[in-house]
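Next up: some structures, all given as structure tokens.
Common to both upcoming complexes is chain A, partnered first by chain B, then by chain C.
Now for the complex of A and B:
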């Protein structure tokens, strides 16, 4: 049974990698044979050369650190603001009910398009990126903190009451530890949406980081470099999301 | 009737407006008051925080202009065309990946890798392939909508009661009959959920593409006003964009809730039945 499953997984992996290699071969052939213009699609061999050039000239890991730094700083600020606000929305339930619908609508709204407003207020600098990241990150943390505190098991609350715990002790010893998996779901959503928002803003404003790197390649009309930068951003975002997912799985198991 | 209701609630001593609504009204008035105070304080450079009266005057002026509707139509056309293409591709491929599980497993890795990636980085490719006109914006909307729709369709396919599929096959249903009589009726709720998410990201994707490089659409209009430092007009366009995006989301949520209430099979029902 185990061997059959492993064989099937290996088959899936082999076909997946094989089809990727076939796609790369088709791209190479279609450009070198003149089917597709070099100004539209770059042959993978040129993309590889461009990737090596980008690695030496553009310092992509510096761009990565810049993007990650702003993203994590925005999330740090959002946790500092969103956790107490989420607690307040749970503690004062009328306010929670009044604002829940609004926060849900704001979460689904295209907040990224508010950036001209912050550009006007703060200028084209890190402040705009940070505040946009914070706006994106705060709402899921607030909503999930409230949800996490609302769904704490009544059995745990009764245990706390039977020990005559104060309200503060109940919060720190019982409610927060029990709500952590749900709260981290909010933080995970924040980490995903904030990275996407920061990369998009860097791209729109040509303001460094991973998004700025892709935008710069396009502006220079360096087509192989553009493809290499896009592949780099996609691979890095994949690693980032896997790490975030891994942390959540670990937290659930603890 | 309404008067009787009002009289009754007054007689019973219950407030006409609930506590949540009072908090909401107070919040709106508080934010509006703070905005007006900031606008008149002189703390900010001219028109960076314009009076709400100026913003509403700009909004009114826009709504009365024919050119505004040209931009509104361009964005609506790009969003709806791209959303339709992306959704149809998402539903079609989602069903295919659900039926042909080996193919589905092979594609899972690629779809899961690309789905959460910031789609905006693909915009340069779309502009190189489709140009800087309407085509690249439609492609951006289609690509943005595709991933949530295909993911929820595949998830829905995996939760269809196997008995339904066996019944379809025992009646010798053809591929199209299986799709129209078995798969699609079982997929209504997961697909609607995917469409709701897809429409939201299609709107964002289109507007970002318009902001980056275009010559028409609401995103173009907003960024043009920013560059011309016509801030009240910029705020007016942003209000329209937010109203449209939130309205579209509310509409899709309502459809989703209504179908759920009517007892349309959803993922959990199907999994329970299986």
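Now for the complex of A and C:
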């Protein structure tokens, strides 16, 4: 049974990698045959060479760690603030109902446009990036925490009541574990939007990190290098997702 | 460990959204003796589940009294273990962790609670499945996990609300045999809420037949069938006579329920 499962997951991996290779092949052929201009799309072979050059000359892991560190810090702050706020919005239903629409609208708005304000408040430094990331990350975590707690099955709550659980035990032993998948959807959403916000700000402010590297390659008209830097951003988001998946699995097992 | 359960003049009104009220239960009185197995049967809308929720302490604001061993109780109570109709196992816990849950809450050490939980897992016939998650179990196995978890709480009285309601007829009968085996072993005072006549007759010492809304006790029938029983008993003539008698009592009430549901 395990072998069948392993074979199936290997098959899924092979299909994924195969599709990626096919797409890269198509991109390569599109550019080398002249269908698409080299100034629009770089052939993957050149992107690969540029990635190796960046690896040797630009020290991309410093940029990667900088973006990763700021994004994770913003998300940790957002979790620390968003979880209790989401709980409060669930616990005090009038507030929850009153703020849900506003928060939803705020979540959908382009918060990146606030960056000039934060630049004035905090200057061109890490603080602006961190606050921008935190503002972006907090709202989905708050909304999804409330939603997760609201959708806990009533029968599970009745089980808790039948065992005379206190309110605190009910929260820690039943409500939070039950709400974890929905809360983690919020964390994943916040990761996506925070990474976008931080990379975009690094790009706009030329403030180092992977966004700064993409901007630098763009300024040098190094199109393959720019694509290579974008690939590093994609790799970073892959690392994120693995981290969050690992935390989610671990949390449900404790 | 078993106790007596007594319900006296229980009445319950629900307020409707349109301002009116629903009279769910009307002066229901019944008692379940120590070690006795009693089923409550009635048509949909007769207040069976309301009765279950009141006795289990999940619903307040009612008239009347619920007594365990002669003492009036209000709210959830240590002496009453509950098994619900809906899927109620914790999906993030294995069978062992689910069954050990009440012991964990009670502060029992890990080694001790796992040993105790394993005993109840064996009792409900789930040995070998202790490390599986509910998603890996069938509907009947999940309900047996829920029964083992309620038993691990060591209640004096087991209260079950159609625990096999969502299962097919054959699984339901086989699980009825399992319930009888557990009951024989533990001699637990048990009150089963059901709408299945065969199940009620197969398991019970007495069957309480309820009327359609407002729920009243229409008749209490003693099931004088020899024990130990099993699902094989259903083929006997006496078993059939009990089923027929209960259906005669229920038929009119069930028709009222059906007419009301069609008029909504």
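Quick note on the criterion: the second predicted complex is superposed on the first by the 173 of 254 C-alpha atoms of A that agree within 3 Å, B and C clash if a C-alpha of one lies under 4 Å from a C-alpha of the other, contacts with A are read in each partner's own complex, and residues count from 1 in each chain.
Everything that follows uses one rule, which is that a residue touches a chain if its C-beta (ideal position, glycine included) is under 8 Å from a C-beta of that chain, and two chains touch if they have at least 3 such contacts.
Predicted model only: the values in this text are computed from it and were never measured.
Student: Hey, is it chain B or chain C that touches more of chain A?
Tutor: After superposing on chain A, more of chain A is contacted by B.
Student: Is A:165 contacted by the first partner chain B, the second partner chain C, both or neither?
Tutor: Touch partner of A:165: chain C, not chain B.
Student: Can A:156 be said to touch chain B (first), chain C (second), both, or neither?
Tutor: second
Student: In the overlay, answer first, second, both or neither for which of chain B and chain C A:173 touches.
Tutor: In the superposition, A:173 touches chain C alone.
Student: Please indicate which partner A:114 is in contact with in the superposed arrangement: first for chain B, second for chain C, both, or neither.
Tutor: A:114 contacts chain B only, not chain C.
Student: One more residue to check, A:218. First (chain B), second (chain C), both or neither?
Tutor: So A:218 only meets chain B here.
Student: Can you list the residues on chain C that touch chain A in the complex?
Tutor: 56-58, 76-78, 80-82, 84, 86-88, 90-92, 101-102, 105, 149-150, 153
Student: Please output the residues of chain B touching chain A within their complex, sorted ascending.
Tutor: The touching residues are 19-21, 23-24, 27, 44, 48-49, 102, 105-106, 109-110, 113-114, 116-118, 120-125, 127-129, 200, 203-204, 207-208, 211-212, 219, 222-223, 226, 231, 234-235, 238, 241-242, 245-246, 249-250.
Student: Quick check on the complex: what are the chain A residues that touch chain C?
Tutor: Listed in rising order, the residues are 153, 155-156, 158-159, 161-165, 169, 173-174, 177-178, 180, 252-253.
Student: Going by the contact rule at the top, pick out the chain A residues touching chain B in the complex.
Tutor: Going through chain A, the ones touching chain B are 8, 11-12, 15-16, 19-20, 39-40, 94-95, 97-99, 102, 105, 108-110, 112-114, 116-117, 119-121, 192, 195-196, 199-200, 203-204, 210-211, 214-215, 217-218, 223, 226-227, 229-230, 233-234, 237-238, 241.
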